[in-house]
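Going by the order they are written in, the chains are A, B, C and D; count residues from 1 in each one.
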Amino acid sequence: MSSPPAPLRRFASDNNASVHPRVVAALNDANSGHAVAYGDDPWTEAASQRFDELFGRPVETLMVWGGTGANVLALASLLSPAGAVVCTDASHINLDETGAPEFVLGAKLLDVPHADGKIVPEQVAEFGHFRGVVHHVQPSVLSITQSTEWGTLYTADEIASLADTAHSMGMKVHLDGARIANACAALGGTVETLRSFTVDAGVDVISFGGAKNGAMYGEAVVFLDPTLATSAPFVRKQITQLPSKMRYVSAQFLALFTDDLWIENARRANESCRVLYDALDGIPGIDRGPAPSVNSIFPSLDPGLREAVRDWSFFYDWELPQVRWMTAWDTEPNDIEQFVTGLRHFAASL
Amino acid sequence: MSSPPAPLRRFASDNNASVHPRVVAALNDANSGHAVAYGDDPWTEAASQRFDELFGRPVETLMVWGGTGANVLALASLLSPAGAVVCTDASHINLDETGAPEFVLGAKLLDVPHADGKIVPEQVAEFGHFRGVVHHVQPSVLSITQSTEWGTLYTADEIASLADTAHSMGMKVHLDGARIANACAALGGTVETLRSFTVDAGVDVISFGGAKNGAMYGEAVVFLDPTLATSAPFVRKQITQLPSKMRYVSAQFLALFTDDLWIENARRANESCRVLYDALDGIPGIDRGPAPSVNSIFPSLDPGLREAVRDWSFFYDWELPQVRWMTAWDTEPNDIEQFVTGLRHFAASL
Amino acid sequence: MSSPPAPLRRFASDNNASVHPRVVAALNDANSGHAVAYGDDPWTEAASQRFDELFGRPVETLMVWGGTGANVLALASLLSPAGAVVCTDASHINLDETGAPEFVLGAKLLDVPHADGKIVPEQVAEFGHFRGVVHHVQPSVLSITQSTEWGTLYTADEIASLADTAHSMGMKVHLDGARIANACAALGGTVETLRSFTVDAGVDVISFGGAKNGAMYGEAVVFLDPTLATSAPFVRKQITQLPSKMRYVSAQFLALFTDDLWIENARRANESCRVLYDALDGIPGIDRGPAPSVNSIFPSLDPGLREAVRDWSFFYDWELPQVRWMTAWDTEPNDIEQFVTGLRHFAASL
Amino acid sequence: MSSPPAPLRRFASDNNASVHPRVVAALNDANSGHAVAYGDDPWTEAASQRFDELFGRPVETLMVWGGTGANVLALASLLSPAGAVVCTDASHINLDETGAPEFVLGAKLLDVPHADGKIVPEQVAEFGHFRGVVHHVQPSVLSITQSTEWGTLYTADEIASLADTAHSMGMKVHLDGARIANACAALGGTVETLRSFTVDAGVDVISFGGAKNGAMYGEAVVFLDPTLATSAPFVRKQITQLPSKMRYVSAQFLALFTDDLWIENARRANESCRVLYDALDGIPGIDRGPAPSVNSIFPSLDPGLREAVRDWSFFYDWELPQVRWMTAWDTEPNDIEQFVTGLRHFAASL
C-alpha cells in the first residue's frame, strides 16, 4: 500500500511558510534607485510611524534581522549591571537560541517551570530575595512570550499583573512577540486588542515578529518606552543585527500593516489550526490534546505512528510524547486534508 | 543659480544600491510552497554545492544575515583561547562594527597602521613575541580585507605571503570578502582568479559578500578548510546569525552565480568607478587621488565644496580631507554625468 | 534578662574563620628576599609537586585568587564552543557567583533541581537530546560540588557513575571542591579516599579549596588530565585570576599539605559540627534536620527565634525556614557551648 | 673567571619583592577570632574610612584581589553601552592583561601611541568624531596610568587637562594606580600631592595598588565619585574579584596607611632607583637612558651583555633594545652594589 501524497505545505513550522504575495510586491516596489543604508530611508521612516500609530504613542522602533537578534537587542536594552532575566524554561530565549543571551550579553537567565508555556507573578516574586545581595544576580527583566511556545495566550490582565509585579521589583518587561500577530488575532484582532496586552498592560519592549507572519525576513524591536532605546542603535550594530539595506525590511512591515494584512495572515493561520485540530478527532494513536488558541497544537502520538508520519511530512518533537504541528498564513484546506489523509493512512497501517 | 538635479543613484555606498532584477526574480521563484527552515532546503543545498564548485573542493558554507555577522562567525571559528585577531586599523572589523568582535566574542583586535588599506607580513610577524607569554593575548587569526576598505587590492602573492607568515606563527587566515566580487573582477574575473587569492593563497575562511553585489541581504561564511567549521553551525545560532527562512538567502547566491552575474555586477561597478574618476579630472577644489582599483575612490575636497555637495547628494567622510565615493552594480552613466555636473556647479559657485 | 555572651567564633560560615597558625608561619617563612612573580618560584614548584603526589600522577595545578575564579577557570578550560554546564540549581556556580560563568565565559548553565544538594546521572542524561541540535546549547561540562552546598556527600561510586554518564555524552567533569577537604575527611581522610572520588572516579578538573580550610586566601585549579590545561595559564590571566606574588599562595598549600594539616583542619570542623548538632537536641523552636555529614547543618527555626539569634550571632538563611550553621577548623568547644546557651536563652524568651 | 654573587633582591619587578614587616604584623594581628566575610568586618570599615580621609571626601572603596581585577572592575563601572576605553598602546590594560577588558567586559580598547608612556588630550579628542555614529564604538572612558608603564609621571595639570577633555566628550576618567604610591612620593609625598593629581584633577575612579608597595596581595578600587559605584559590589563578585576573607586585604591597607608607610615604601623604591641609575654611569655596553622619575629605568643593553646579565639575575625585556630594571621598597644598597658589580663584570667579559 503506497503512501498518499504529502501536503505541499507542511506542519513543521510557520517558519517553513512562503512569503505573502503582497509582501513580495512591496519588496519589488522598494527596489528602485538608491536609498541610504542602515535606516535613514523613507521606508524605515514610514514603518516607524506606523508602529507609532499602532501603539498610539511615539515608540522607538528598530529593525533587525531575526528573532533571536530581536530578543538579544531587547534584553540588552533592559538589563542592568549584574542583571538577570526571569523567564520560563520553555521560553525561546532559554531553550531555542543556543544560549545567545548568555553568550552575547553575559546575562543569566533565571528560568522557572512553565505551566502551559506561561509564568505567573508568584514565580517572578520569588526572586525578590536576590535583590541587593551581591552573591546573586539581580533580576532586572521579565521576559514573556505571547503567544507562548506552547501555543497558549496570556490575557491582558495576566500580563498587567505580571508587569505590575516586575515593575514593583524594579524590573522591566520584555515581550517576545515572534507570534504577536497570532496572539492579537486570537484575542480580538484590533489595534485595541494589541494595545490591551502590550502598552496598556505595562510591557516595556516588544520583539515584534515578521518572519512567521508572511514576511521573508526581518523583525522589529519596539520600545514602548522610548527612553529605554537610548543605546539600542549602537548595540544593534554591535550584536550584528543592523540590516544594511534596511528599506527592504521596513517595506515588508509596511506591507503587513496595510489593510491589516498582519492580522489577516495570523487569523488564517489560527483558523487553519482549528480545522486541523478538529480533523484529528478519532484518529487512532493520536491524543490531540487541548484545542489550539493560536496556530499550533501539541498532539501525543504513538511512537511508531510518529516516526512514520515524520518521514512522510517532517515536523519537530516538542516534549515527547508531544510533538508540535503548526499552521501558517499559507496553509490551504487541501494541505490539511492531505495531511489528515496521511495520518489516517499511517494509523491504519500500524 | 539653482542646483542641477541630483543623481538617482548616489555615490555614498554600494550598500545604497538596489537589488539586481535577476536576484529579485530568483526570490520570486523560491517563493512557492514550504521549505524546511534553517538550511535544510534544496536552495541551500544547491548553493553550497555551487560554492564547492567555485573553490574546486568541498568547502563548508554557512549562510548568515549580514557582513558583521559573517565576520564574527568566521573569527569565532578561528580564535583559540586567549586568542587575538591581527588586522589593520582601517579594517571594517576594527573600525566599523561597533566593537562587535570584542563584544560578542571577547576577542582583542591587534590593529596595526594600514598602508593603503593593507597589512604586510612584517606587521604580523612582530606579534611573534607575544606567543607563549601569559600576559599577552595570543595572536591566532590574521584578518585581511579584499578588496580593502581603501579600495585597494592584495595580489595573490601578497596574500600567500601573509598567509605563510600567519600559518608559520600558528595563526589562521580570515578574508573579509564583503567586496570579494569586486576584487575578483578586477584581478581577472575568472574562477581561477578567485582561487588564486583565496584557496591557493592559503586563506582559511572567507566572509563572502552578497549585499554589496546586487543581493538584497545575506552573506556566506565559506570555510575553505571544512574541519574549521565543526562548531560553526551552533555558533551561528548563538551569535544571532541563523536565518530562519534560509532558502531566500541561498536563492540569491544561486542567482548571483548563474552566468557569472556576481562578476558582471562587480565589473560594472568597477568600470563605473573608473568613468567617474576620469570625469573628475580638472574640477577645481577636488584632488581625486589615485585611480580606482575597484569601485571606490577617495578624493580630497575643499571643505566648502565638500559640504555643499554632500547636502545635495549624500556621501561619507573617510579620513578627512578624503571622502569616499563609491559606485555600485546599478550605477548608470547618467548618474555619473549628473553627479559630475553637480560637482562642477558647486565648484564654480565657491 | 540580658543575653548571654555571643561566641567568639560564630557559625555563619567557614569563610569567617581565621587562618591556621601553621599557615601564618608558612607565610612568614616565605617572606624573605625576592621571588619571580606569577608562579616561577620555588614555592609554586614545590606545591605543584605536592599535588602530583596527592593524586598519584602528574597533574597540572594552577593557583588562583578565589573560589569563583577557580570555578570560572575550570569551566573555561572544559567548555566547547556553544557549550553549556549541567549543574544543580543549588550549586555555587549557579546560585552564589552573581552569574560569573555566564558573564565572564558567556556559558549557559543548565541547572536541574537538586536532591539534598546532589544531581543524579538521569538528570545529566536528559540533556542528551540537545546534542547536535543547533538551536540548543551543547552540554559539555558536568559540574558537581563535593561536599555539596547542602552539606552532603557523593560516594565515590556516585561520582563514578555521574562521570561515566557525562563522558559517554562527550562531556567533561568538574568538581567544585571548595570544601574538598571536609569531604575527604568525612569519607576516610586518606590519600586513597581523595583519589577514590576524584581521579579514580573520572573527575577531570577540580577547584581545590584553601580559604575555607585554614588558608588566608588562594585556591588551586587541578587538572587531573593535564592535556586540558593547555590554554589555562593564558585564560587565568585573562579572567583576572593570576596572583602576582604567587609564592604566598603556594606557601599556604605547602603548609596545609604538611603533616596532613588540611585533613586535620577539616576533621576538626566536621567533628565540631557533630557536637553542635547533638547539642541542639530538644531545644524548642528548632528542628535540627538531618545529622551533618561534614561541617554544616540546616536547622529550621521559628521565625522569632531565628531573628533573635541572628541579631546576637550572625548567620545566613539557606532555604527558609532552613538556615545554615557551619563550623570551621577553629571552632572551639566553648564557642559551641556559648552558642547553644544563647539558643536556649532565646528559645525560652519567646 | 667566575661570576660575582647575584643580588638577593633582583631588579626584575617590584612584584618580586617581599612583604613589608609591618604589613605582615598587621596580618598577624587581624588573625584572631571570626569576622564576617565579604567585607562586613571592622578592618574593611576602617580601611574605607582611611580612604575617605586620604581623599578628603566620602569615596567608595572596594577591595579586590589583584591589579587586573581592579582595572576591570573600574572600567566596568565606567563603560556605557557600546562604550570603549581610550588608552595608550603601552598601557597595562592594553598590553599586559591578556585582553581581560575585552574578554570579561566585551569592551574595545582604543589604544593610541604613547609618548614616554603618556597620552595627550589631542589623542583623546580625535575620537570625538566617533560619537553618535552607530558603526563606531562610543568612547566612554579615558584610562591613564600614574606612574606610567614607562616610569614617567603626569603632572597634576596634565591630568586635569586630560580629564577636562574627556569629560567634555562625556567620558569618565580611570587612573590605573598600580604604582600610585611611587607617583605620589615622587611628586611631593603628601596627601595634598595625592589629591592634586587625582580628585582635584578630575579623576573619577582609581585602581589603587597595594601589591607593588609592600603588601602581600590586594588592591582597592576607589570611586572618587561614589555615584559611579552603584553596581560595583555586584560586578565585583561577577568578575571573580570579591575576596572572601576580606579583613586580610583591608588590614594590609591599614598598615600601609599607618605613619605613611605607603609613601615611605615608595620613596625608598624611588630613591634606590636613582642610586642604581647613577651607578650605571660609564659601564660599557649600557645606554642607561633618561634618569628615573620613580622606581624603574629602561636602559639599552648590547645583546650579549643583556643575555649574560639576565641569566645571572633575571629581568624583563621592555621594548628592545630597552629592558626594564626596577627597584622595590625592599631594595638594599648592597643589592645595587652587587648588581652593578655584576654588570661591570659581564661588560668586561664581552
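We take it that a contact is a pair of C-beta atoms (placed from the backbone, for glycine too) under 8 Å apart; a residue touches a chain by one contact, two chains touch by 3 or more.
Given the structure is predicted, the values throughout are model-derived calculations rather than measurements.
One copy, chain A, sits rotated relative to the other, chain D; on C-alpha atoms the angle is 180 degrees to the nearest 5.
Of the two interfaces, B-C and A-B, the higher number of touching C-beta pairs belongs to A-B. Averaged C-alpha coordinates give centres for chain B and chain C that are 51 Å from one another.
For the pair chain B and chain D, the distance between C-alpha centroids works out to 42 Å. Between the Cα centres of chain A and chain B there is a gap of 33 Å. With touch defined as above, residues shared between interfaces to two or more other chains in chain D number as follows: 38, 82, 97-99, 103-104, 106, 134-135, 137, 234-235, 237-238, 242. Chain contact summary for the complex, chain B toward chain A: residues 8-10, 12-13, 15-19, 24, 27-28, 31-38, 65-69, 72, 97-100, 103-104, 211, 216-217, 234-235, 237-245, 248, 314, 328, 330.
On the chain B side of its complex with chain C, the touching residues are 38, 76, 80-82, 106, 134-135, 137-138, 231, 233-238, 242. Across the complex, chain D meets chain B through its residues 82, 84, 95-99, 102-104, 106-109, 129, 134-137.
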